[in-house]
Amino acid sequence: MNLIIIIVLSLIMVVMAVTAIIHKKLAVAVIATGVVSLMASVMYLLMAAPDVAMTEAAIGSGLSTIIFFYVLNKIRKAK
Amino acid sequence: MIRNFFIIAIVAGLAAIFVTLFWNFGDSTTLTPLATHYADKGAAEVGAPNLVTSIVVTYRGFDTLGEVTILFLVASIVSFFLKREKLQKDIELKRETSEIILTASKLLVPIVMVLGVYVFINGHLTPGGGFQGGAIIATAFVLLLMANPDFKINHRIISIVESVSGISFVLVGVFGILLAGGFLDNKVLPLGTFGKIFSAGAIPLIYSFVGLKVGSELSNILSNFQGIQKEEM
Amino acid sequence: MKIKSLIISIITLFVIWVLLNMKLSTEVLISGAVVSVLVGLIFCYTCGIFDDLKLNPKAIGYWFLYIFVFIGELVKSNFDVARRVVSPKLPINPGFVEVKTKLKSKLGRMILTNSITLTPGTLTVELKDDTIFIHWIDVKGENMEEHTNAIVSKFEKYLEVIYG
Amino acid sequence: MEIIALITGFSLILIGLYGILSKRNIIKIIVGFSLFDTGLHVLIVTVGYIKGGTAPILDSVVGTTDVASKIVDPVPQALVLTAIVIGLGVTALMLAYALKMYQAKKSLDISDFKDMKW
Amino acid sequence: MEIIKIIGALITLLGSVFLLLGSIGLIRMPDVFTRIQTGTKASTLGTLLSLLGIGIIYFDIAGKIFLLIVFILITNPVSSHMLARAAHYIGVKKADVTVVDELEDFENEKLNNKTKISE
Amino acid sequence: MANIILQIAGGIMLLSIVLSTFRFFKAGSLVDRVVAFDVMTVASISLIALISHFAGRTIYIDVAIIYGLLSFLGVIIIARYLEKSL
């Protein structure tokens, strides 16, 4: 079961990472990075590292996203 | 053209290194000697059930100190860069906040705070610790900012909390030199019963200081990024 | 009124702390008391969120009734939406409708709108004073009174007793 | 299971590196850096994994005797724990630089900043 | 003892079926608002049921599971409300089958009033 | 017996995560992607609970609590960004 979960998670992570690099819209790239962070957190839990999973959950969900979106908002306003 | 070629060459070179690393990768079935020592003696020496916590706080306490220092430097450089030069009066009409998120933030901010405190006080029993707790406390400020975009985080209080917790963290470390084995030794306080909240010596105290410091530094970074939204570009 | 709201929030935070720790030893209780009083004083001194909560026996009885009604509605409407999703013709008839509420307290309104949002088929889009705009997946009825009767009234009659 | 996590970490690092080198938008470069960071963390955690091991927290499941044969390596986890927080700090610093650069030249294209190029 | 475990597992299975229905609705529905309806709501009930099943199997963590359920019940509707509000404000395209939009009339009226005052 | 049923449930949860990934790529607007992100988050909370059962460590539920309380913030931030009032 763990094997199936980890295969699906890593497929989604790689596809989302490629999307984050090649997509033209910056907001989509940031959301895709958020999905990579989410899946990485579940993956750390499978690798028996709950401390790391908790850190990634607390930082990847709120703080990282809001800093990126503050910058995007500022750039959009100046245009 | 030549640029693309170089990029592909660099990425392919790194991929080749990775492939050789990958072929030599064997499944590890036993711990390294260092980790074996931590696993067997850690519970008796430090008294914390969470071995990751005992490594972060005691065995590698200097790493933690250095990291907190790096975070402090990052916070100061960000606030130096994003210093507000000219205050622009806010003329554009923002959309007023929904009443639901206002009420929900009033309800949720104390709960998130209690969760953060739980995470860093119970850092030696359950997964979690000062860094996670600090990140959760900063997230409570994100919630306040979402409910009221013009909310001002009080810089005085933040800097007082930050410096007091930083000084106390170093002081506990120095007490470790005077009273116990070395810098940041947790045996300045009695070890207590294994598995209780007030046990493992000074670990809950140290992690509380680390959590408050990390939380105030991250909130400081956030408030700088928020403050520049008003300024004219 | 400020004192009542503060005391209720401190008790709530204390209960949350005990539930998180999952044990009832003395040190958990002591640390919980300290933490909940501190956090409550700093962050909930002026918020006044529990001001309108009524604490008489009738209101507490209605709390339990409300929870049962809510769970029943949740399950019923979930099966309804599940039927719509799997049926091949996709029988939907969506629209934005306007309804009125009689509730005055803020927490009561938030619980009402959350209940409306959580029962699938209806989704709160905007809340202005006593007017709620709802996206409804299957619009029935013609005017505002019929919409209000169909969506709001089943929750409102319980919340009115609890929050006044 | 470790092998798949290892491949994921490697491919995230390669994708992030490709993004850093090939993209011209500064925000895209920072996104690539963030992906690189995540891949590196996955890699380090995977190196510390022991087959059939459980989390290094001693409670009623693990017990306090003969711990070393049951748990995974706690040292890489402790290192990654601090690295994630530092990663957020570095990202915030880079974004602050990016804002200042945008303020100076009104452009996010990296090839517009040639003043110090030799 | 085994019976309780099987009951919990069945409840979890029911929850996962609701999650699946939610994501099928996410794919099949025609516009953003109906997707928010079927997607986030059905998946909320699905998560609640799966957590309930796990809480029945491991009774010693029932307190934490209860807290988690309460948190999800508070936070999830707030986020879908904010998303729907933003989507309506920026004028996301609505499905052709939408029968009535009283909110749009309301917003237009408010906009007219505002311009009148400013003139 | 109970274990087999839970494994089937885990498979169905993974399927729903994969389906919402499809919606992420075949999206008409940014809001569609955010809805898909929301469904993925909610599904992974229950996946975390299942993983804690398979690993036999109930202590992993703490991670699920952090997720359940904090993950909605990402959606709210994007919503505020969309309505231009960040």
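By letter and in written order, the chains are A, B, C, D, E and F; residue numbering begins at 1 in each of them.
Rule of thumb we're sticking to: a contact is a pair of C-beta atoms (placed from the backbone, for glycine too) under 8 Å apart; a residue touches a chain by one contact, two chains touch by 3 or more.
Just so it is clear, the model here is predicted, and its values are computed rather than measured.
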Chains touching both chain C and chain D, listed by label: B
Touching chain D and also chain F, the following chains: A, B
Result of counting contacting C-beta pairs for B-E and E-F, higher pair: E-F
Greatest separation from chain D - chain, by CA centre: C
CA centroid of chain D to CA centroid of chain E, Å: 32
Approximate Å spacing (C-alpha centroids) for the pair chain A, chain E: 21
Numbers and ranges of chain D residues touching at least 2 other chains: 7, 18, 49, 54-57, 59, 71, 77, 81, 84-85, 88, 92, 95, 99, 102
Touching two or more other chains - residues of chain B: 50, 52, 95, 98, 100-101, 104, 107-108, 111, 115, 119, 126-129, 131-132, 135-136, 139, 142, 218, 221, 225, 228-229, 233
Residue numbers of chain C (touch at least two other chains): 16, 20, 113-114, 124, 126
Chain-to-chain touches, reported pairwise for every pair that qualifies: A-B, A-D, A-F, B-C, B-D, B-E, B-F, C-E, D-F, E-F
Contact set on chain E toward chain B in their complex: 71, 74-75, 78, 81-82, 85, 89
Residues of chain B defined as touching chain C within the complex: 98-100, 102-104, 106-107, 109-111, 113-115, 117-118, 121-122, 196-198
Contact footprint of chain D on chain A as seen in their complex: 2-3, 6-7, 10, 13-14, 17-18, 20-21, 26, 29-30, 33, 36-37, 40, 43-44, 46-52, 55-56, 59, 63-64, 67-68, 71-72, 74-75, 78
Contact set on chain F toward chain A in their complex: 7, 10-11, 14, 17-18, 21, 24-25, 30, 33-34, 37, 40-41, 44, 47-48, 51-52, 54-55, 57, 59-60, 62-63, 66-67, 70-71, 73-74, 77-78, 81, 84, 86
Touching residues on chain F, where the partner in the complex is chain E: 1-3, 5-6, 8-10, 12-13, 15-17, 19-20, 22-23, 28-29, 31-32, 34-36, 38-39, 42-43, 45-46, 49-50, 52-53, 58, 61-62, 64-65, 68-69, 72, 75-76, 78-80, 82-83
